[in-house]
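In the two complexes that follow, subunit A is the common piece, with subunit B as its partner first and subunit C second.
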Partner chain A sequence: MMMEVHSPSYITQRLSLSRLSGAFVLCVVLLLASFVHLSVGAKSLDWMTIWHALTAYDPSDLDQAIVRESRQARLLVALMVGAALALAGVIMQAISSNPLADPGLLGINSGAAFFVVASLLFLPSLSHHYLPVFAFLGATFAALLVMALSGSQQNSERLILAGVAITALFASMTAILLLIDQQGLDKLRHWLTGAIGASDLKKLEWVYPYLLGAVLYSFVLVRSLNAFHLGERVAASLGVNVMLLKLSGLVLVVILSGSVVAVAGPIGFVGLVVPHMARLLIRNGYVWLFVYSLLLGALLLVLSDIAARMILRPYEINTGIVTAFVGAPVFIALVLGKMR
Partner chain B sequence: MKAVLFSPRPLRLGFSSKVNFHARASDLFWLMFFIAMLVFLFLWSAATGSYQLSVWDSWSIVFDPASMPDRLVQVIWEFRLPRMFAAALCGAALAIAGVVLQSITRNALASPGLIGVEAGASATMLVFVVILPSVIPIVFLPVTAMLGGFIVATFIWVLSSAAGYSPVRLVLVGVGITSMLSAFTEMLITYGDIELVESALMWLGGSLYQTSWQQVYVMVFWLVIPGTLIWLSFRQLNLLVLGDKVAFSKGVDNRKTVPFLLFLSVALTSASVATAGTLTFVGLIAPHIARRFCSNRHGALIPLSALIGACLVVLGDTLGRSAFAPLQLPAGLVLVLVGAPYFIILMGRLKR
Partner chain C sequence: MLVVEYLSAGYKKKQVLNEVSLNFPEGEFTTLMGANGCGKTTLLHAISGLLPVQSGHVQLNDEPLLKLSRKEVAKRLALLPQVATSPAGLTARELIMQGRFPWQSWWRQWSDQDEKAVNEAVEVTGVSDYLDTPLEQLSGGQRQRCWIAMTLAQDSPVLLLDEPTTYLDVAHQAELMNLISSLKSKGKTIIAVLHDLNQAATYSDRLVMMKAGQVYCEGEVETVFTKDNLQQVFGLDAHIVRDPHNDNPIALPVVDANVSVNKQSDIQSAKKLEGELRV
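Entry: the complex of A and B
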């Protein structure tokens, strides 16, 4: 809407055409990465086996069974987790007007993780369908604490430090719980660093209604976000209810990152890195930023998961650790480039 | 009401003046108050444990050992006192380091762990506990951890000041490096042998279990020298809080003073991390409590927050020992649990 005011419509058309083809290229790359993801692992499979497993599945062939039974599930989880985290990052950076916001850095993931661990240890009989609800509660609690600590002025340094303090708080509370319950530590220590596994497909079923709703609702917010990008006052004068926008943004971030934590544990830095990658391709317009971020987030997580399984083959590193190794240098580069 | 007490010769750090140190009566009162508090906490802590004593008994054991049974004297002097001394010294060291960092970065949320000392020391420690056990004798583990902390802190300083020093950069680069190192630490925790990981985790949580007098003597050395140097440069800190430009105009060369002060606070932090594991929440909260009594005058703030930090760690250690007995919670975790709510309320008030 904003763009049409300033530029002739054919330019807009060409722009969106190039964006469309860019998205198509990303889709193809994502598809290729997914194939690689299916083929590598403790046992390498060739591409024909995978193709057969996907098109003409023969359960008696063990290799095809590996693809269908475990790797396919893991791939789906990686795609969903990456896309959700990237979207959470874009929304967070938009509503906090802060290029360094990330659900992992700001303590939201660790709040959700603490609540999930506490619910697993104290209410073991509770149905696992309630796990996402506890994750949402923890994420909300952590987000409110960070907001209280960081104050009203827009100061990215203070926001990050508030996030660090809250992360420390929740991490040590989780550590106390795990010290009290030593078997819990052995069971949960994989999950606590952000692990993606085949068994998570079951967990995905608990959260996908929330994820789907959150993605759709975030596209509803696109116009308000475009206006908000110009500044809070401009947005208000254009008729955007800024309070409502911030509140919905917060709810979306909580749902997206809470769901991810419930499925795969706290995975950091995807939400930080992907929006910046997407902004290299898309300067303005939140529709395309969202689309590109979803694709790039899925791609980043699939690639990280491939790396996690390749580096120490036949062992695996947790995916959350790989994303931290990729994301932290990007964070430092951003700080050195942007902060004065 | 001011009283001229004594005038230490000002430390020459590109800034010298002949101003005497003015101690206010209220500062002296609070210093005395917290010294008394520390003594009381010591006696209470010495009395608390699996063998319970009265505070009066612990008083007579500490100050008049001959009159008490040998067995009790041994329990207190061999097991409880070194642990408490180590707790108090580490708390004081971290509190002083916290004051320095909060003043240099002019950020109320800065803590001594921020410049990577803690993360560096933890990573080094875990490498030598989990991956390469028995490569380094246990006696030298703290020294190695300290070295790791120093290396990481130096790296962060060089990286953040390569294109001109600014406090914001220092803090954020510190956050980035720290999270990378903690990913590495987590990797070791996830894949290490669970027995080794358990003992490493206990240490990481800030546990003072099995502290010897020897460690206490080493820690006294590491607290007194850097702590005194930092206290002597309280005027530079007073000026740095006002901003780098103001400080520069008053003759504080922040290109020399800031690295010097950071170096001292890294020394304090890494020594206490090596002795007691990660306790750095003390460094975040003790200066804030101290500021409620003497605001931002560093001459009084530094000793006062050292005392408060010492009180906090002794308190946290004793609670961790006794609250869930026989389970021992590390002092660092107890402190975060107790301190964090207070801290959040405090910051909420500061905002207005």
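Entry: the complex of A and C
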């Protein structure tokens, strides 16, 4: 019996089409979530007002001004932070070949946070434009520490343990700094649990060139990452420069999570959870894994931020706390699944 | 011809290869043999540039390989490392298509030439029936065929195979060795590490026996596959007999004299026990 054999290009075309439509559906869901995000808050706004505010802005209308002046910025921050954290998570899981890798769990976020707090405390006169740079330095420092502690063998349990230890170290050092400076405590404490509300559009302006560059560059790495998925040795024999790939991946993770920390503080678990959600939809192939992770990460953070403002109305809880509520059970499930 | 000259390589604390010089003739199947830790795998890795070389040269048709970029090396040499796992979520086709990596770049995507190379690799290895099956659902033998197909799709004149038959059952081992041997007719130069002495003697044109990071002896199977060499390289006491079908040499390890005695006594005691049970 003759089997019908499709050519590779036919199969890839069919796959891309279903993936493209999936991405489109995600975009629509994200758009709806964004509208909900703009409408909820201390004062609920109807969708017509939001629509007018976005399309035909009338500054004299107070409700429209709320959308344009405060909520829109918050939405943009949530979208960018979520997408960046998710991308950092996928890249980190790829280059460490470890499904539990996450910039939050591996101490990179808390290292960045410590350096930011220290710079605010010891160099108060410095322009805030430099905050992302300190975040990058802290993220790099933490990443190097974790790598040194986790040893040359690729032992995923040891890597996670090293990450947890470094996270605890930086968190306690940050706490000491905050004890020294009681005045700044309140503002910083808010930021340190991952607060989107506290951040504003100006902060986003400091980091968006870094974020944009990192996202573009990560798509350059896609082919090498696909080969790396077959194993380090196979990738090397296929012509991948493995050292360069790992270094590039690490730099991307540092830039992505450092930028996020500088804007919104250490928000955990997004980088862990989202790649696994994306992998349920995309079995392999990093182009689409990246696209889906960016969309799902933005969606997760927008939804978390909506929840953060809805659960204890009229009060707000920090978005980082909501993502931890979502992320921690997923993490436990992943660990249990790995142990089985 | 692939030429290795005075090649030394190793890891941080331990030098594994010590000034190895070898020639691998074009279109021939050479097998590297030796006890564990003698440097066979290290030699494969050093030739293909996976391991930094401390000193020495590797030349393919008078072109120095060690100076080339990783991609350029990959166009000339395809190495199949010892693979025990299969990457999650990949189908056979997706794996084989990865073999085209060194020929692509972000401005040069999938081409007719890529398609042709993949189709040819699929045909030679006979994997067309399960191209769209996830690798984890394939048997060990089928999966190994897919990995070989991936290295073939790489379209390099030289193939380096590190223990390609390990983890396979006997029937699949024979099948795979026949496949690998058939690649010679496609003009491939094949260098393999094999653990099974008789597979090595049967399928190779040339044997290289290594001991403690150096070449102990090398040459055609008939001259190298001898009782003395097996004794020196493996510490193995073996008889060399001939395959009645094709006259290939076969090594049979010498069996301790008491083994057959024990077997006799085992049979006797079993019979005795059987008799007792009947009563």
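By our rule, the second predicted complex is superposed on the first by the 329 of 340 C-alpha atoms of A that agree within 3 Å, B and C clash if a C-alpha of one lies under 4 Å from a C-alpha of the other, contacts with A are read in each partner's own complex, and residues count from 1 in each chain.
By definition in this document, a residue touches a chain if its C-beta (ideal position, glycine included) is under 8 Å from a C-beta of that chain, and two chains touch if they have at least 3 such contacts.
Just so we're clear, the structure is a prediction, and the values are computed from it rather than from any experiment.
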item: Fit or clash - subunit C, subunit B, common subunit A; value: fit
item: Touched partner set for A:His229, first subunit B, second subunit C, both or neither; value: second
item: Which of subunit B and subunit C A:His129 touches, first, second, both or neither; value: neither
item: Subunit B versus subunit C as contact partner of A:Lys202, first or second or both or neither; value: neither
item: Partner chain in contact with A:Ser237 - subunit B first, subunit C second, else both or neither; value: second
item: More subunit A residues in contact - subunit B or subunit C; value: B
item: First (subunit B), second (subunit C), both or neither touched by A:Ile321; value: first
item: Lowest C-alpha to C-alpha distance for subunit C against subunit B (Å); value: 10
item: Residues on subunit A lying within both footprints (that of subunit B and that of subunit C); value: none
item: Residues of subunit A that touch subunit C when the two form their complex; value: 3, 5, 7-9, 11-12, 220, 223, 226-227, 229-231, 233-234, 236-241, 279, 283-285
item: Subunit A to subunit B touching residues, read off their complex; value: 100, 105, 145, 148-149, 151-152, 157-158, 160-162, 164-165, 168-169, 172-173, 175-176, 179-180, 182, 185-186, 189-190, 192-193, 268-269, 315, 317-318, 320-321, 324-325, 328-329, 331-332, 335-336, 339-340
item: Subunit C residues touching subunit A - in the complex, by the definition given at the top; value: 48-50, 69-75, 77-81, 83, 85, 87-90, 93-95, 97-99, 101-102, 104, 106, 110, 115, 118-119, 128-129, 131-132, 134, 154, 160
item: Residue numbers on subunit B that touch subunit A, as the complex places them; value: 107, 109-111, 114, 159-160, 162-163, 166, 168-169, 171-173, 175-177, 179-180, 182-184, 186-187, 189-191, 194, 197-198, 201-202, 205, 281, 284, 324, 327, 329-330, 332-333, 336-337, 340, 343-344, 347-348, 350-351
